[in-house]
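We call the chains A, B and C, going by the order they appear; numbering starts again at 1 in every chain.
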Amino acid sequence: MSELVVFSVLNGLVYGMLLFMLASGLTLIFGMMGVLNFAHAAFYMLGAYFAYTISLYTGFWPGLVVAPLAVGLLGAATERYGLRRVHGFGHVAELIFTFGVAIVIGEVVQLVWGRPAKSYEGPAALDFALFHLFRSSFPAYKAFMLGISVAIFLFLLAILTRTRAGLIIQASLTHPGMVGMLGHNVPRVFMVVFGIGSALAGLAGVIAGPVLGTFPGMAQVLGSIVFVVVVIGGLGSLTGAFVASLLIGIVQTFAVALNVSVGDVAGAAGIRVASLPALHDLWRITVAQVAPILPYLLLVLVLIVRPTGLFGTRET
Amino acid sequence: MTPAIELLDVHKSFGGTSIIRGVSLTLEPGQRHALIGPNGAGKSTLFNLITGKYPLTSGLIRLKGEDVNGLRPYEINRRGLSRSFQVTNIFPRLSVFENVRCAVLWSLGYRYSFWHLVNAAREVRERTEMVLEQLNLTARRHMPAGMLAYAEQRALEIGITIGGGADVILLDEPTAGMSRSETEHVVQLIRQVSAGKTLLMVEHDMSVVFDLADKIAVLVYGQVIAHDAPERIRANPAVQEAYLGVAQTATA
Amino acid sequence: MPTPTAARMISVADAARPSPLRRYGAWAAAAVALALLPHVLRAPAAVPVMNQMGIAVVFALSYNMLLGQGGMLSFGHAVYFGVGGFLAAHALNLAAQQGLWLPVPLVPIAGGLGGLLFAAIVGSFSTNRAGTVFAMISLGIAEMMAASALIFDRFFGGEEGITTNRAKAASLGGLHFTTDRDVYYLIAVWVLISAAAMYVFSLTPAGRMANAVRDNPERTEFVGYSQRWVRYVSFCASGLFAGVAGGLFAVNYEILTAENMGLNASGSVLLMTYIGGIGTFAGPILGAIVFTFLQSMLSDYTSVWLLYLGLVFLAAVLFVPVGLAGVLAMHGPAWRNQRFGRLAGPYLAAAVVTLVTLVGVIGCLEMVYFFVSAPAGQVTKQLFWLTVNVYTATPWAAFLALIVLGGLGMRWAGPRAAAAFADASLPRAAR
């Protein structure tokens, strides 16, 4: 049992920090520009695929730097030549645009790399078990993932709180109009933030590809969860993104690992199961089956009760 | 006679900042009232409190004797109070005719009906045409409201406000940004539409104020320092010091 | 009592309203056209595709009640389509089992009820706010339903879905619906009824205030309307008609799966509605027809049809946000000025260069696809009636050259076409 707990916590942390890498970019972009970037997960996917192609020629490590850079440039170009045009038409138009970008990127990936999953592997140097506990082992590569994510988090923290650029970004998170009035080139700041956010998503793809799989559906799998994280944490709040990422990461990992049914839980709480055929389906549901629904249930609840999320101050 | 609007020791703070600091005001029905005061005094905030956009921090607001604190704007509007906006707040993509019609629909009892055709409802058309004629916008009825000239938009703004037949009308700087002749037209319009109703308007143009108002209230720094007939307001030393002093030297 | 001048105004207004002939003429013409289509288009593939189009038209019109009329962007509209469809399928199965009287023509009513009920439940909390929050809630609900489908497999049929059989239904006045053609006429009637109903809705207080809430939700509160309630009424109506479309789907295909409620279906209806044009009533109709046509025809010729559709969608969002119907409507002044003929030359030139560019783009994309995904050993491909060897440089160079040439041509022809349009649209007095 404690083996389950320990490894679920560890895996939950790895997954959670990965979510944070994605969520931080998304919430930054939303906070600054008011647009919820539907294509964010598509950039994540591009990062994995770019890194995969690079790894075919040079091995894993160069991709770690080159792929996020390429994705970041692509993101900046998307903002400069696409999003900027639609900016004046309102938030609905921006959402629709990023939705279209997500579709096109998804189709282009299928076109260029094909539909089957790619065997994108981590570096051989990290292909060993870091430690053994009970009967399971914790791969060193996952520790590497955790390390990169934490490093990125500290890096973001340092930049945002200790540099002038970071202060401008923080200010633009809550008062973009005012920052523009103060003479900063807000469109360029937008482009840079969009590029950095996309690069972060690409980096997440580079390190997650070997573990979560590199296949055309990977954007959809993670995309919605990242939205959930960002909304629950609070749109525009990095602290919120951090807390919500870890929360969702750990809860989801635990829920999948547990195999009790709703009926078991109810029984433990003393509620007897009446043998109603309609409810039979309900009672037989295991926690693992419900796990995929939980984040979205949370999303809808938060949006109804507290649209600003845990730490956010804006809802639009 | 029940006052049209009663404010009793109204306070409003945003966070730590106190904007309205104890306002008590009684507006008698059937009269035209003006609310004047320097910028930042809290005039628009007061409007927002009366019309339900913001909740009170403390105090009482009564509309025709009924406590309206906490009611949504549409609930207050349905009780017979309507307001215009300082920054033109119309429906830019709808035609001028449709703009006014939106204001007319609820008051004629159509609500959320999906079993009536608006074009077939005679009374809706008649009422809308009447208002359009008062606004002198009949020739523009099919034009998208966003394409009107500024003064015409301000007139439409008033039209939307009075279209529903409210008997308590709040106008927020109706003549802002207008030329002399445009202002005269709007004053005529206001005089027409407020006949027999209670009017409260925020204005900076003193000639309009003294032309239209039966009573003037002066709001300075979140408090009403005077509420009286125009001549007595003009002569009031506190008012002169706080507000009118500048205007007097300008006309002198 | 209106004043004399007001009375004069009203009579002028009455005179300005279109005569009954013009008002109902378009609908009558549509009815006639729908009745004749299967006789005009005799290809065997035509009727099934037209059935698909009909269902898409109702679905897209219902979606535009939210997006175009109400300003509400939903990423999960297919949920109401699906729930309606599932309910219709279950109703048909139940009626056949218990011997109840539910003839096929009335099955879409069950679909509509399902869509309405579910929309009434979800709308009670989702219409509190519009904008991004509404869109996110719709996404959350869609994801929840997608995940729930596998859990509540009694209603959703799990992996295999729910099948039904329209032959087992009671008959209505001796009418049986065995062939695709029979179903076509049923769908055509329902399309006319639904479209007419949705059009009439837009002319009611609820529909007009939906436009007002879209443009300025705050102001509507100050004229006595609760923006929440206005949105809620639109939402429920839109769910009703989405459910009708789902019911038609159940009748036509006799199977519903969780895919029909999924995010791809919701994305498709957004695409087709936007491409058609969200600003007019006919826009979604046009978009549904074009999208379904491209989807069914293109998928025979190419595997990357969704990429093409996605690119068209992006082009629409960036350059032509008014959509196809919007572009057609923009040419109204030119038509009324009777200067339409002047557009022929410049438009033809622009069309030719655009076509050249498109051929180049399509050629390159198709070759890339072939390069990546063709089975080993195959080196040649059929492309535009030519056989090309993908591994040689010639076809690549040729298509790239077409793109460059076409692009240059567009830079020349585009401004000319725009100038011709502007000139033709000038009011007569300005000449």
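Heads up, the rule we're going with is that a residue touches a chain if its C-beta (ideal position, glycine included) is under 8 Å from a C-beta of that chain, and two chains touch if they have at least 3 such contacts.
What you see is a predicted model, and the numbers here were worked out from it, not measured in a lab.
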Exercise. May I ask you to list the chain groups that still touch, directly or through other chains, once chain C is left out?
Key: A | B
Quiz item: Which one of the chains is closest to the middle, using the mean of its C-alpha atoms?
Solution: C
Self-check item: Maximum centroid distance from chain B, chain identifier (CA atoms)
Solution: A
Quiz prompt | Intercentroid distance (Cα basis), chain C paired with chain B, Å | solution = 44
Practice problem: Would you mind pulling out the distance in Å between where the CA atoms of chain A average out and where those of chain B do? | Solution: 49
Quiz prompt | Centre-of-Cα separation between chain C and chain A, whole angstrom | solution = 32
Quiz prompt | Sequence positions of chain C contacting 2 or more other chains | solution = none
Practice problem: Give me the residues of chain B that touch two or more other chains. | Solution: none
Practice problem: Could you please specify the touching residues of chain B with respect to chain C in the complex? | Solution: 51, 72-74, 77-78, 82-83, 85, 89-94, 98, 101-103, 105-107, 110-119, 125-126, 129-130, 132-133, 138, 160, 163-164
Exercise. Can you check the complex and tell me which residues of chain C touch chain A?
Key: 67, 71, 73, 75, 125-126, 128-129, 131-133, 135-137, 139-141, 143-144, 147-148, 150-154, 263, 267, 270-271, 274, 304, 306-307, 310-311, 313-314, 317-318, 321, 365, 368-369, 372-373
Quiz prompt | chain C to chain B touching residues, read off their complex | solution = 2-3, 5-6, 9-10, 13, 17, 200-201, 203-209, 211-212, 215-216, 218-226, 229-230, 233, 237
Quiz item: What residues of chain A sit close enough to touch chain C in their complex?
Solution: 36, 82, 85-86, 89, 91-93, 95-97, 99-101, 103-104, 107-108, 110-115, 220, 224, 227-228, 231, 235, 278, 281, 285, 289-290, 292-293, 296-297, 299-300, 303-304, 307, 315-316
